[in-house]
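Dropping the structures in below, format is structure tokens.
Below, chain A partners chain B and then partners chain C, in two separate complexes.
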Partner chain A sequence: MAVIDPANHGLRLATRYAVLVLVAAIFVLPLLFMVMSSLKPTDQLLNDTSSLRAFLPVGDISLQNYYDAFARAPIGLFVFNSILVTVGTVSLSLLLCSLAAFSFTFLKWRGKGLLLSVTLATLIIPFETIAIPLLLLVSKLPWIGLEGFRIGWLNSYHVQIIPWIADALTIFLFVQYFKDLPEELVEAARVAGASWWQVYVRIIMPLSGPVIATGAILKSLKMYNEQYLWPLIVVQQESYRPIMVGLGYFFQLQVAWGEVMAYLSLITVPVLVFYLMLQRAFIASIASTGVKG
Partner chain B sequence: MKSKVLFAGAVSVIFANAAPAQTELTMWYHGAGNEVESRLINQIVDDFNASQSDWAVAIQSFPQESYNDSVVAAALAGDLPDIIDVDGPVMPNWAWSGYMQPLPIDEAAYADFLPGPRGVWDGKLYSIGLWDAAVALYARQSTIDALGLRVPTLDNPWSEDEFMAALDAAKASGDFEYALDLGMAWTGEWYPYAFSPFLQSFGGDIVDRSTYKTAEGVLNGDAAIAFGEWWQNLFQGGYAPGTSQDPADRDRGFIEGKYAFGWNGNWAAVAHMAEVDDMLFLPAPDFGNGSTIGAASWQFGISASSEHPDGAAAFIEFALDDKYLAAFSDGIGLIPSTPSAAAMTENYKAGGPLEVFFGLSEAQAVLRPVTPGYVVAAKVFEKALADIANGADVADTLDAAVDEINADIERNGGYGH
Partner chain C sequence: MAEVRLTGLRKSFGDVEVIKGVDIDIQDGEFVVFVGPSGCGKSTLLRMIAGLEDITSGTLEIDGQVVNEVQPKDRGIAMVFQTYAIFPHMTVRENVGFGLTIAGVPKADKDAKVIEAARILQMEHLLDRRPSQLSGGQRQRVAIGRAIVRDPTVFLFDEPLSNLDAALRMDMRMEIGKLHNQLGATMVYVTHDQVEAMTLADKIVVLEDGQVRQIGTPMELYHHPANLFVAGFIGSPSMNFLDVDVGETHNDTATVSNPSLDPIEVKPTDPVTPGVKAKLGIRPQYLTPSSDPTKGKLHGTIELTERLGTETIVEVKLGDGTKVIAALSEDAIFDIGTEVSLTFDPDKAHLFGVPQAGSAAIQTESGG
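Moving on, here comes the complex of A and B:
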């Protein structure tokens, strides 16, 4: 019969906490370094990198880097543009990809297995390989907007949104999640006379909180943090530039690293807020959408 | 009758008050995020727009790091502006690729310009720059005195032996982490701009400039191999920090006394003078075929798709005024393109602290290979030098670089040479 040794229990607890602290430190220290560095003059920042002072608010601390960063680049505009593009893309992507996944999972039509395979196969194609053909395509597409009719999508928000709506990874996430939902729910709704649209809106999507949260987090991070090459080649006007292209404003011949850190700290705030908000929704949706078989 | 008179009067008043509309010229510039540069270029634009009634320039600035990618993408999409700025060594590629058209300005407008700012390709002027850049050997007078060295001059630069003796003396003194800072932390265009003049001084080059159709013999000949072995010894012999150099040390290492000598540009000179009392800017060593440095910086040109080359040329010619050349020089520390503009500046006038750079640019500057293939050859050259610095076999590495450059030239049908 196993006996719990209090000494062993304490050691195990200490080890567990040590590992947790170590893992937390790995994630927190870079953020701490970024924020602390944003408060220091560049010379001090560079000197501090070789010691623990890099993580501490010591020395010549001020908000000067933030003032200088705002003077160097229209940061508010860049953040607004990125949030607008992210929200637009993620909203439309969740709608379109969930509809596609619904069709792949619940509807019966010829060739859907093949089409799903082809869709998933696009995951292995790096964006860089299709960037130029896509650029040539969007530069010749017609558009009717508030400003009227024009040829070409360049220099706009929609050119940063529309090509990113359909996304194989998000479709895959929804398909995998939908497959685990009890088929009886759909069959019962159909027997009761519900249309496919009603099944999608009233049965499936209310049960899909976790996958919506997961898809939204993954897609948002991609759209907010990683959109560099595409806006670089399709947006020439400053008024449409997102944050990652804006980062280039800070890399002059003599890089002002304090300003770089201030800029990075500022653009990280929306990501953290969004993540914390959705993290709660994510946990809540897991707790509330459990389905008993 | 009275109403007719009133009508005619009203019409004449309307037409008298309506200024003729200015045709808009779009312009792209690489200086986004640089407050001083933005202020200066916008001043020129404002002055030009106010000086005449035919044209109005609208400027759009881009971050320098991504500017070339934006231009190439826009060229593919048929969305180039009227006026673009272009880095001097890249210009032949953009001209050959059909992104630019010849610049129709009077030769008299740039007759007294330094060679570096003139963007000539295939016998035609495509671009012109308001400034040039030069590189020098940074040193302290106190270091020179302590090591018992001769101060080299434009007429009498250090020979290879003198240069290596200076590095040996600095190394032996034990006062420095390294004898020489080459700026290995700066990648990209810095390598061919700053280091290919050493190769040229040895007697080699990146490509054979007599035909521009091959690198064979110039990048892997005896002179190039001698250069490569000298280059490798700088790192293997512990004279200079290698490719893993901390960028912070590149910015401040010389100032903080970690390095005895630095190989750096005139753009960093003012900041160094502010912290080092006895700064010296010395000419490049002569490795046997003359003392040379790189040349050419950003220049203005007209896109091939511009429907108003006359207006674009009018703006560019307007910007070549000495007062703007001097303003840019005072603002960002670069070398003004003309002697008359240099005389108007704080740093480059006779007796000015950076006057030596104007002399360096005038006497030693050699353009990077003027060929569309340069953009590829430059990257190959950069990789080869980094590999050799990291210990790769010199002859094999240079042979491989030659093969890569030649294959690119062949793929592109000789780039029109």
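Moving on, here comes the complex of A and C:
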């Protein structure tokens, strides 16, 4: 039996904590820098970057940058737009992709293997290569909305949502998860009289908590944080713009770094809240599936 | 309740044919067991009856209707799976009532049926539990309960007891037997366990390599196996086979012998001609130690003894190196290395020709 040397044990513990602190610092310091800088005038902010003062609330501290940021851009509207587009896209994406994965996994039809391969192959196509064809397409598509019939989807919420619903990565996540579910559950439900739709709604989706959480987290972060190029080219009206496009308001002739930091701090809050909420659900769902039923 | 008729049923997965033309008649209310070694196609055959596998060719009739293209839910069947397949996110009550919920049965009727099923399976106290709070045997009851409430015309069981421990398996086996007597429903049961087959079945279907080897009552299969495969598969311990030379043949008898066996006259199961090689099958239970070591039919040395309490199993190595198993009475005591002489009644021995794969299935008269 191995004998634990107390001194050695303490050293190992200290090393472990040192590594953990270092890693935590790498992730936390940029956030700290952002929040601290948002409280400082631009001149002081730039001077502080050469010292540790950049991470400390020292000097001329105020909320002035926040007032200025709100005066410069309709931040509330941008956050609202981003949340609306994110929630809309993620909800529809989870529904559509899970249905597609259900079909790929459980239904028997000719060519599904090929179609799944083609779907997954779209993962390697960068968005920039399809941006222009997609723009031409959505600019000519008809739409019937509250304001009536019109041609072209530009300057709307749906133009920011619909092209992003179908997503090969989410389909792949669901396919992998569904394959691991016992096939007998589906067969038992089928023999008991359930239609395919009932199998999907009553059996498969209630058992898919973990993959729904994973899909929702990945897709939400992508939609909220990274949607820049597409809204920039399809939305000219300020009222439909998301947060990332809104960032452009602060990069005029003279960059107001303090306001940029205030803006970034503000738009980070919803992400952190969302992530902390879902992360708990995520861990719980993984823990629950770990117990073999 | 219904009759089930399989006619020329075939199933291929790509180029591989796994069911090679199966004909079986299952009578109304009969308990039929499909038995065979792993990979013989018994589960596939059951899944074809359930509608979970397509039928490549042949016809499947339930209650006189051809159901080849009918959806599982419309075949009037219920199935119990080896892995129970109960839904982990539902309570026992919801699991048992699932089929009725799907069918839109009014809540009062559904509740009554669920409670009735729970009463039959003695699990009323479990109705509000989740599957994760149940033992293996309780989960299997839930799966059976889910089948019962639908009043199916045919019950299908796919190795339902394989995941249970030995003691529980025996209890559940007896309960399934009682359930059949109680409900009087047609039941088709797949197992590789011949004890389950022998104890539960009105009629056993022995399958090998996608073909029926014999159909008959358990005792017919035990006493009159139609071929070498069935003879070796049914019975525990397995039947002993001796390579013998066929000597003279008369009307319905043949004289056989080998270096360890003095010539004896037996009734051949397969037709044999003088001078050919054949297999002589003797069940371990029909071998008895001779009081006079020189007068038995087989002579050898004891190599192994197993005392099971109710009987003693001994392995005897014969002079030509062949090993035979004998199931002796519990008080038979032999030391390893002892020379023994074993005797048997030739009328209870079976003589088979050289085994031929793909020999025609023989259906004996069903007494069930």
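The rule is simple: the second predicted complex is superposed on the first by the 288 of 293 C-alpha atoms of A that agree within 3 Å, B and C clash if a C-alpha of one lies under 4 Å from a C-alpha of the other, contacts with A are read in each partner's own complex, and residues count from 1 in each chain.
The working rule: a residue touches a chain if its C-beta (ideal position, glycine included) is under 8 Å from a C-beta of that chain, and two chains touch if they have at least 3 such contacts.
Source: prediction; values computed, not measured.
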{"item": "Fit-or-clash call for chain B and chain C when the two complexes are aligned on chain A", "value": "fit"}
{"item": "Chain B versus chain C as contact partner of A:G59, first or second or both or neither", "value": "neither"}
{"item": "Chain A-centred angle between chain C and chain B, computed on Cα centres after superposition, in steps of 10 °", "value": "150"}
{"item": "Which superposed partner A:R72 touches (first chain B, second chain C, both, neither)", "value": "first"}
{"item": "First, second, both or neither for A:L207, with chain B first and chain C second", "value": "second"}
{"item": "Touching partner for A:P270 - first (chain B), second (chain C), both, neither", "value": "neither"}
{"item": "Partner chain in contact with A:G248 - chain B first, chain C second, else both or neither", "value": "first"}
{"item": "Which superposed partner A:E184 touches (first chain B, second chain C, both, neither)", "value": "second"}
{"item": "First, second, both or neither for A:L46, with chain B first and chain C second", "value": "first"}
{"item": "Which superposed partner A:V234 touches (first chain B, second chain C, both, neither)", "value": "first"}
{"item": "Chain A: partner with more touched residues, chain B or chain C", "value": "B"}
{"item": "CA minimum distance (chain B, chain C), superposed complexes, angstrom", "value": "50"}
{"item": "In the complex, chain A residues that touch chain B", "value": "43, 46, 49, 71-73, 132, 135-136, 139, 152, 154, 232-234, 236-238, 245-255"}
{"item": "Of chain C, residues touching chain A in the complex", "value": "50-52, 71-73, 77-79, 81-89, 98-99, 102-103, 131-132, 143, 146, 150"}
{"item": "Chain B residues within the chain A interface of the complex", "value": "28, 32-35, 60-66, 69-70, 73-74, 76-79, 247-248, 251-252, 267-268, 271"}
{"item": "Residue ranges of chain A touching chain C (in the complex, touch as defined)", "value": "182, 184-185, 187-194, 198, 202-203, 206-207, 291, 293"}
